[in-house]
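Heads up, the next two complexes both have subunit A, just with different partners, subunit B and then subunit C.
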Partner chain A sequence: MPQKIHIRLAAHRVNASVAVNRRVPKIFTPGQVITEQNEFMRGHGTYEEEGFLKSSVAGVKEQVNNLISIRPLKSRYNGEVGDVVVGRITEVQQKRWKVDTNSRLDSVLLLSSVNLPGGELRRRSAEDEHMMRQYLQEGDLISAEVQSVFSDGSLSLHTRSLKYGKLSQGVLIKVFPSLIKRSKTHFHNLYVGASIILGNNGFIWIYPTVTNSEDGVGGFVQNLEEVVSRPERETIARLRNCILALTQSKMMLFDTSILYAFEESQKYSVPELLVPEAMVDVAILTQDRLSMAENS
Partner chain B sequence: MSKNRELLSKIGLRLDGRRADELRRIRCKLGVFTEPDGSAYLEQGLTKILAAVYGPHQVRGNRSKAQHDAAVVNCQFSMAVFSTGERKRRPRGDRKSTEISIHLRQALTAAIKTELYPWSQIDVYVEVLHADGGIYPACVNAATLALIDAGIPLKEYVCACTASLANNDVPMLDISHQEEIIGGPTLTVAALPMSGKIVLMEMSQRFHVDHLQKVLEKALQGCRDIKHILDEAVKSHIQDVGSSTGWANTT
Partner chain C sequence: MALCEAEKTFVLHGVEENFRIDGREREDYRPMELETNIVSHAFGSARLRLANTDVLVAVKIEVDVPYPERPREGKLEFFVDCSANATPDFEGRGGEDLAVEISNSLAGAYRSPEVFDLTKLCILKGRKCWKIFVDILLLECGGNLYDAVSIAVKAALWDTRIPLVKSVTVDGNNIDMEVSEELHDCQKLDVTGAPIMVTVCKIGEQCIVDPSAAEELCSVGALVISVSRNKFSTILQTGSGSLHPQTLLECLQTGHKVAQRLHDALIETLVDIKPSENSVGFLR
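Entry: the complex of A and B
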């Protein structure tokens, strides 16, 4: 089937901004003096020069008592203990895997912090070390939780729960980490017939909902034979395009905003959702519904 | 040729109608791509530049390059085949682009707080879409914007500007390609405009040392002016993005 191809001029670009007029906090840019008093402590995004506290990134001020930091609106992922992340294995080493989590250094997944098949109380043997590549190899996607942060800023992950582990069939979307809203749970079973993992690191995984809850997505089983039905795949594709639309308009991503976008997108077919005008339309409608829900 | 085409006319106008101390129009945009961590597009007159920043990320490839106390800054400059008057294939790594890459790295390392990111690497890719004089300064300015968009800590903006001397007397700001061809020495300065530190200075030909001070002063003034323009653009971009996200996670 021949596809209709749209090529547009730069001048016809759609303005994707859905900015609502609100109180705008003061914006600091690199080199700008934050305060001239030296009783404050310097936090992230600031530095001290000639007695002045200056900003080193472009963003907004955050103050906790005496600690002043400037938070940029966009940056690499800064991990915190307990965050849910989605990552890709980049390397298999002695007793550990290296995982790319969009952080500034690769994260570590220790062999001792995964649940190997055969129950939690299984003893680890030297054989497991040789089997590591059978469990996870380069290029595999995993979901995990941040266990601790090392002194150099790299993360240590763990998958010691059935909800974490190797990901099998689904779609990965990469967005800026700052667009993911922190919430109590980052695993969502959406009623529309797909599930979603909103990794705090900006990696989003959409996958068909698993019906028998006992294996979940966890573990190391990757069932590639299982056929995902067409309606399910269409739902996943639509979810993906909705998330892209929200991302293009720089809107926060969480279960409600994604569901609203999904509902508002019903008037378009899935491929139509990639047209910039449709994306902005969906984003604006979602924004309206969110602000309505907020005000009521 | 330089006889009938003066750099500065009697009434003080240049070939493109600017006065001696006027910059070309600067238009810029942050966050033009979604794949890199930061990106920017900058137009300075007809010179058009795209810049993309990846990182800080784990050092890939040659592991031994990684430093324990600072991030590695890696710059790559390239020109599109259609960027100049004649269409020409420019292989990567020719002498001119290598030189500009090195100069770019020098200017950016002076501004980036590399000590915050040990064992990491920051990649800066700059592509010239349309070359119309002052390529290097425009690249520095675009790269600064891209770094800010990526949220990489900088001491301050790093801006660059060119200046020249017309009629052996009047210092002239922001030289276009046409003026470069007609002649006259061109001084390129990259500076940290707020503290007034010069991080890179280059001269295309020699001129009398008596003139250096005023031409340099003019170029630094240009850097400060450019900083104001970039600052405005960054603020409006942040405001735009922040309003869309609803200033989430902020107090």
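Entry: the complex of A and C
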């Protein structure tokens, strides 16, 4: 039985904010004066005009000693060495792939910084160069780590570990990079029966947990014959909708918040989680549980 | 945007299982948000947001001369503009093909007199009529453009107020019109017959409605079915794939059924609009 079709009026929009009765940081808008003194150093997101330090983006102030910077909520991804990213191949070139990682410029993945199938230490021959499209072709998704940042801000990636590589079946969600909380690990095998890669660049990959580490992530194998079972599919869809609910309320995304949201969402069916009221409800319940865990 | 084979497989198996990547069934719609009277200087306007698809429609009216072959009818024209904000592909003339396709399909769907009565727009037979320009701006593309556009157009026409003509005097070749100066003296259009378009997308062996952008990439072809008052108005096939006659019939049935539900939901929402409500606009 199909669900009812919801067409709501914009005037009846639900307020997605979960910051009711909580301290809200001051938000600076572009052109707003941050400080009138000029002993401060200008950091990212700021500029000097007529002796004032002004904001060039919309975001919150971050101050380290004398350095003031404004961190925007919505921005492209600014990579840092060691970040875990999820990206999509856009181009195959000689000796390298171009990867879309939500940065201002496409990142590069050099042929010399991937683990090729068939051995750890192998010379990369001219044959490998010809085979590049067999390994990764346009449209393929990969997980990788940022190896270095070039002077123009574009990133060089590497996948020289078994946990990185081509991604198989699953769902990609795109969120703001600033919503991903930095943590020790960005690969999580959730107990609910699905795994998740929280890319620092705001790309989140949800996929069925693989039991034997040989196939799936960490290689160049995609198993297209395997049909993901219905319960796994439901878990993945629920996780997807929960993450979107948290994103709508601008909540930080990490394993605990996602698991809490997943548990709080059980009273709704998966398609019901697309309705804004349910999304806000889940976000508020999650926020409550997070602040309770923080206080105890 | 492109998808890799594994993602496509995942979407495909989901459709077969009747459990799509966001948990919807094959005939489910994503929730929508509608606002009418959003452009203050237009005669009628609407904005529809369907997940990541965002459409703004404005209606403006001019006095024009009817076509000589149809002296008793007014005119209705559609224009679609693809903003480069939606996708970089629309930059320059990139969106032109899509824009022409959408406006032509709308013009086709509204052509029949049973769908939309153009005689109401006639002011003086053969001499003066109203011409309605429907301008559609695509602000964001997240799949299922046709459905979103048709709903937004219907809502904008519902919102449209045509000034009331008090008297028309003919003096030789001069025609003088007296338009009521009262702001509230205006006619509303009858849009109950305005067509609703439903895109039925064929993925694998199954047909789905309201495809997301990812699902559109997985399908070989789609059928855009416009339905007006229980009747089919136009049918348009998009994409490269071909359809088996049996599948075509199934698609038509699905489209007809879904269009009814969509129409009912839309009318229910439109009736609910109170004129006093503050406008929400784009900044909230």
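Just so it is clear, the second predicted complex is superposed on the first by the 274 of 296 C-alpha atoms of A that agree within 3 Å, B and C clash if a C-alpha of one lies under 4 Å from a C-alpha of the other, contacts with A are read in each partner's own complex, and residues count from 1 in each chain.
Basically, a residue touches a chain if its C-beta (ideal position, glycine included) is under 8 Å from a C-beta of that chain, and two chains touch if they have at least 3 such contacts.
Quick caveat, the model's predicted, so the values are computed rather than measured.
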item	value
Joint occupancy of subunit A by subunit B and subunit C, clash or fit	clash
Which of subunit B and subunit C A:Arg123 touches, first, second, both or neither	neither
A:Ser269 touches, of subunit B and subunit C: first, second, both or neither?	second
Partner chain(s) touched by A:Lys184 [first = subunit B, second = subunit C, both, neither]	neither
Contacts of A:Ser168 with subunit B and subunit C, given as first, second, both or neither	second
Partner chain in contact with A:Asp152 - subunit B first, subunit C second, else both or neither	first
First (subunit B), second (subunit C), both or neither touched by A:Pro25	first
Set intersection of subunit A contacts, subunit C complex versus subunit B complex	none
Residues on subunit A engaged by subunit B in the complex (per definition of touch)	17-22, 24-25, 27, 29-31, 45, 47, 49, 54, 56-60, 62-63, 71-76, 100, 104-106, 152, 178-179, 181-182, 247-252
Residues of subunit C touching subunit A in the complex	2-7, 9-10, 13-14, 17, 19-35, 47, 151, 261-262, 265-266, 268-269, 272-273, 277-278, 280, 284
Subunit B - residues contacting subunit A, complex	31, 34, 37-38, 55-58, 111, 113, 117-120, 148-157, 192, 194, 231, 234-235, 238-251
Residues of subunit A that touch subunit C when the two form their complex	2-11, 13, 88, 137-141, 167-172, 222-224, 227-228, 230, 233-234, 236-238, 240-241, 269-271, 273-276
